[in-house]
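Common to both upcoming complexes is chain A, partnered first by chain B, then by chain C.
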Partner chain A sequence: MSMRRAAVVGAGMTKFVRRALETPKELSWHAAKLALESCGLTLADVDAVCIGSAPDAFDGVHMKGEYLADGSGAWGKPVMRSFVGGGTGVFLGPQGWYHVASGLFDVVLIVAEEKMSSYYPHAQAAFLTIFDHTTERPLEPNLLWIFALEMNRYMQTYGISKRDIAQVAVKNKRNAADHPAAMLGEANITVEDVLSSEVLAWPVQRLDVSPVSDGAVAIVMASEDAAKRITDKPVWVQGVGWNLDTAYWTNRDLAYPEYVERAARMAYEMAGVREPRKEIHIVEPYDPFDYKECHHLEGLLLADRGRAPELVADGVTLRTGTMPSCPSGGLLGVGNPITAAGLMKIAELFWQLRGEAGARQVPGTPERGLAQAWGGLMQVGTVTILGTERPA
Partner chain B sequence: MAQHTASLPGTALREDDIQSGRALTVYHEVRAAYAWDAGLAIGRYLDALREGHLLGVRCVRCDRTVVPPRAFCEQCFGPMDAFVPVADVGTVNTFSLCYVTWDVKRIADPLLPAVIDLDGTSPRAGILHLLGGVKPDAVRVGMRVRAVWKPSRQRRGAITDIRYFKPLRGG
Partner chain C sequence: MTSRVAVVGVGWTGFRPVSPEASYKELMYEAATRAYADAGINPRADVDSFVTVAEDFHEGTSIFDEYVPDQLGAAQRPMHTITGDGLHGLAAAVMQVLTGRFRIVVVEGHSKASNILTLPEITAYAMDPVLNRPLNAHPIAVAALEADRYLHETGTTRAHCAAVVAKNRRNALGNPAAAYGAEVGVEQVLGAEAVASPLSRLEISDHADGAIVMVLADAEAARRLSPHPVWIHGVGWANDSPTLESRSWGRAVYAERAAAMAYRMAGIDDPAAAIHFAEVDDTYAFKELQHLEALGLCGRGQAGPMTADGATGPRGRLPVNVSGGSLGGGHLLDAAGLARALEVVLQLRGQAGPRQLRGVTTGVAQSWRGVPTTSGAVAVLSSAPNGRVP
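Our next item is the complex of A and B:
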């Protein structure tokens, strides 16, 4: 591809909390400022800004990208907000990449912010308008339905038990105990805790689900020349992919996310990855629910269909395993301010691949990681592959 | 990296901070009212529901019959070729026992949302609806179900003209 190489050179984030005193702009500013400081840049060095934020309905602010722009460092600069549902945070990887790869910009500040607490009485109701207004909304659906229906189909198709899946929640909440931004890190949580938590929409129970959260994350992406000036440890964007299925969510195989596979194949091809299970050393799949991590590992071709729960049981996806999954603690442990949670996954790869993840650092010297997010009505797949090796 | 610093930015509030006035908020209710047009294909679907039957649509190029109907085939991007009646009998593809309402209130008797694959449609062409007339712990994937319709004079051309789907006798 006759495109310029791009690398991540800095990252920063706020705490993820249930309800933040700070406004969305203030959260954005904190994260953006930390990301710039982490690589010794100032706003004057930034050529363009990419913003990711989920539905305007959360904030009750129309044109949220425009509202967030100055807090995201976009004053007087080219700026673009993207939104592809819950997949937005990882879509910022592709979006930032093509801003740089196209040759238009050398240094791009990428900011993801979400404040879900403003919506009363509960952010869940802000999601109701995603359902088809004529054929579904008169049935008074809530957001849990789509997850519960998908989880049950996944379990039924492959004979997977709740206990198998609960291990993912345990792994991620334990991992998050080592994350300074985490809301729900719990070093001693057990499978029994998950299985005895309140039933929300069977098979979904309270501890199967990530929390409503406020927070912001930012990264800095740079062209090859700029990256080499900024840091001696650039983390290269090796592959990006994204794919959307239709909104007819009841018209697809709920046991397997084909759109995630299509996004993954696009990213693997660009990255030259032929054997993902050997060549992806760390993975941050989207885990708003524990079964989703399994679903996504399979869609990413990192596990056989219906077999992802075994990877946790066998220790493969533990932080000390051969393919750590959600070493950050994921959405289940760190928290789920929608787009910020997605970009947090890219930031985690950046820190892990530079050996800067502190107590969360995976052993060995991982060279390549994959972040993935998901969204919409079971229809969005977004993938970003980062690595220490400069792409060909 | 900021993670090495003692504290990241972000100030956590508790509900009590707001109730007590320690943290100030402004409350606002958005007023938004809409009248959504059903469109060409769903308009036919709603007409059929009012008449007491379910309507699918067929794409001859893709050899696919789907519900709900649509004006165009998203796969080959041609027009959908024919509306076809489909049975009001089908199979539970998946279901949930939901103990919370849309505004996160607990309910004692669960709602039973399900994806139902209707007889006469192609694989993976189910619809969302509710199950009823069945004990929650008796619901199974693969269960055969039939639509329970409102009486004709109460039907108004809406998905709720079907009250719910209940198990066929003998499952």
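Our next item is the complex of A and C:
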């Protein structure tokens, strides 16, 4: 049976900011409206809605998907909210895809919203309740600490220095200087700035980490027939993959994200990608921390284990390099309203592959891009591959 | 067109008012083990994708999705959460099978309601934080307002609602999984303490603990795995406005729209003729009546009199909630809709024991996510594989 194809036909996003004055519903609607307007549609054209939003604890709203429904354009429509922690933003690719590819819907509006500033005084505290209530929560672990553990393990295993990793933060924050919706774009930032920033939990320093942010992103996905009616330049969903590892993260070797590799292999197989390093032209790996971009490039099989920092040092991952990574500016530069940041990566591929990324445009004619996110207790991998060529 | 997705395995544990002997993980494991044995599959090798339904605040854990793979045999596999009712999860699984890239998909839903010490306060956190929460309304007061409007618009009486309670609690006596089976008279329901007028204590379902797992398969795998596949002819889901100020108070618009979608997919034009029995949401007694009407199984305002006349009893012309529903079985939070679907599956397989209905081939399961939501889902299931339901 041949598969029903799906394409992204529109995208929009709000500015990512530290503290939005809009309610979560309003943020959702701003992004949804921009996405619909970008492809000349109205709510009347939308058959179903997919929502992504990270923990209810951020907004302090129980059943947040229900609360966000009307703001996301779902009044009177079928709507579902998916949730795989930080991986949710890119999981909206697979979720939207299966809505369309099932044959049940032709036009699906996909909205990701996050308002972390509602959590007072700091959204980090919302993460205190992600740990196992019996074995871990009594230790009062902080999210930054466990990533510091992972970063340490990654550096230790492969002999990587802080300076190697800091280059990722520099690249992404510089890239973000060209993004009109970015929160932390800085054209002149240097490695020294990163290395001299405040230490949060060694080896993590302030500029190694993405910021707490508010924002929303939306895309429109359509079936082949609908996509061709809507636009001359559909960007096809060529592959999707997702994977969830065990909750017992303390038993995992944190040096390598196997769950990302499994998600990537699932997506590559669907997309018919055999040599990812040649066939993926732009990559938007998840970069809530600078070391994570390297970690994920390796999990995605786009770099040898422990060698991603060399690609960064050699300029391979610059916008002008042979494998541009986070040309948007990523979470480190554009900001990190969790699920919205993930969906921003898919939106960036959409703009890049249509040649509509403005000052951020990757040179040449990129034909295929990959977005990836990660979440949970260092255990979720989600992957979406988009391309200009219609899938077989 | 013949049906392309079937339920080939079910497993459950519970339903009990409390379950101090088991954690939510153990409840899930028990239900999953039974479902996999029922389907004759090995989850580590045979399942292509897993879906679970859960809400963080019900679980007391943020990003609860983290804690679901191990006990389902889903670690390092494609797995995701839908923060919806079990029937939303079922629909997500159906969509995945329909893409043609997933052969076997598992759906899980559970309730550990007894762990929640302050459920009404948790539910109140679902109210709009800006416009409604400052009013400090108890969630059941919202349900009571809906009940009032429904009774007013349709002429349904409180005695009709009480008849639902009597029927469902009696039905539950025939269901070994039900937590709250009892002989309760209409007068007893009407005379019970008013929680929020017009709802009396006995018109509000109590919670139960339990877990339900279902194994779904495409047509080819279904025929191979199961001697009695139950075909999913249609799924539908929809929301009305979540905002109190703009919703329909007397009608279950979410159920009307979800049913229209499911019937369209199933090719059903006349649901009252095509559907032989129904398992519908009865979180509050009036909801069963409102939902039956929204599903098009009777006219507006007719569900109450039908219930009082026994037409929705186990020997009536449209048996409703033979399982006991949530009033008799216990409300399973996010798994409530899966409990409705479970009963439909057991009835269609002829495995419902003393409450087995005779001659039924097509049933409907319907869910509602409770106050203050306007979110519902519907699934049409049949023992007949071929497309259009007569």
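In the analysis below, the second predicted complex is superposed on the first by the 390 of 392 C-alpha atoms of A that agree within 3 Å, B and C clash if a C-alpha of one lies under 4 Å from a C-alpha of the other, contacts with A are read in each partner's own complex, and residues count from 1 in each chain.
Assume contacts are C-beta pairs under 8 Å (C-beta built on N, C-alpha and C of every residue); 3 or more make two chains touch, one makes a residue touch a chain.
Treat the numbers as computed from the prediction; the structure is a model and nothing was measured.
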Partner chain(s) touched by A:His133 [first = chain B, second = chain C, both, neither]: both
First, second, both or neither for A:Tyr286, with chain B first and chain C second: neither
Touching partner for A:Ala125 - first (chain B), second (chain C), both, neither: first
Touching partner for A:Tyr259 - first (chain B), second (chain C), both, neither: second
First (chain B), second (chain C), both or neither touched by A:Trp374: neither
Partner chain(s) touched by A:Tyr158 [first = chain B, second = chain C, both, neither]: neither
Contacts of A:Tyr268 with chain B and chain C, given as first, second, both or neither: neither
Chain B versus chain C as contact partner of A:Thr246, first or second or both or neither: both
Chain B versus chain C as contact partner of A:Pro78, first or second or both or neither: second
Chain B and chain C footprints on chain A, overlapping residues: 60, 132-133, 246, 248
Complex contacts: residues of chain A adjacent to chain B: 11-22, 27, 30-31, 34, 37-38, 60, 117, 120-122, 124-125, 128, 132-136, 138-142, 144-145, 148-150, 152-153, 156, 179-181, 199-204, 214-215, 246, 248, 250-254, 351, 356-358
List of chain B residues in touch with chain A within their complex: 1-4, 7-15, 17, 23, 27-28, 30, 34, 36, 38, 42, 45-46, 66, 68, 70, 74, 93-104, 110, 113-115, 124-130, 141, 158-160
Chain A - residues contacting chain C, complex: 1-4, 23, 54-57, 59-67, 69-70, 74-85, 91, 94-95, 97-99, 101-104, 118, 126-127, 129-130, 132-133, 241-248, 258-259, 262-263, 266, 270, 375-377, 379-380
For the chain C and chain A complex, residues of the former touching the latter: 50, 55-57, 60-63, 65-70, 74-84, 88, 91-92, 94-96, 98-101, 122-123, 125-126, 128-130, 236-243, 246, 253, 257-258, 261, 265, 369, 372-375
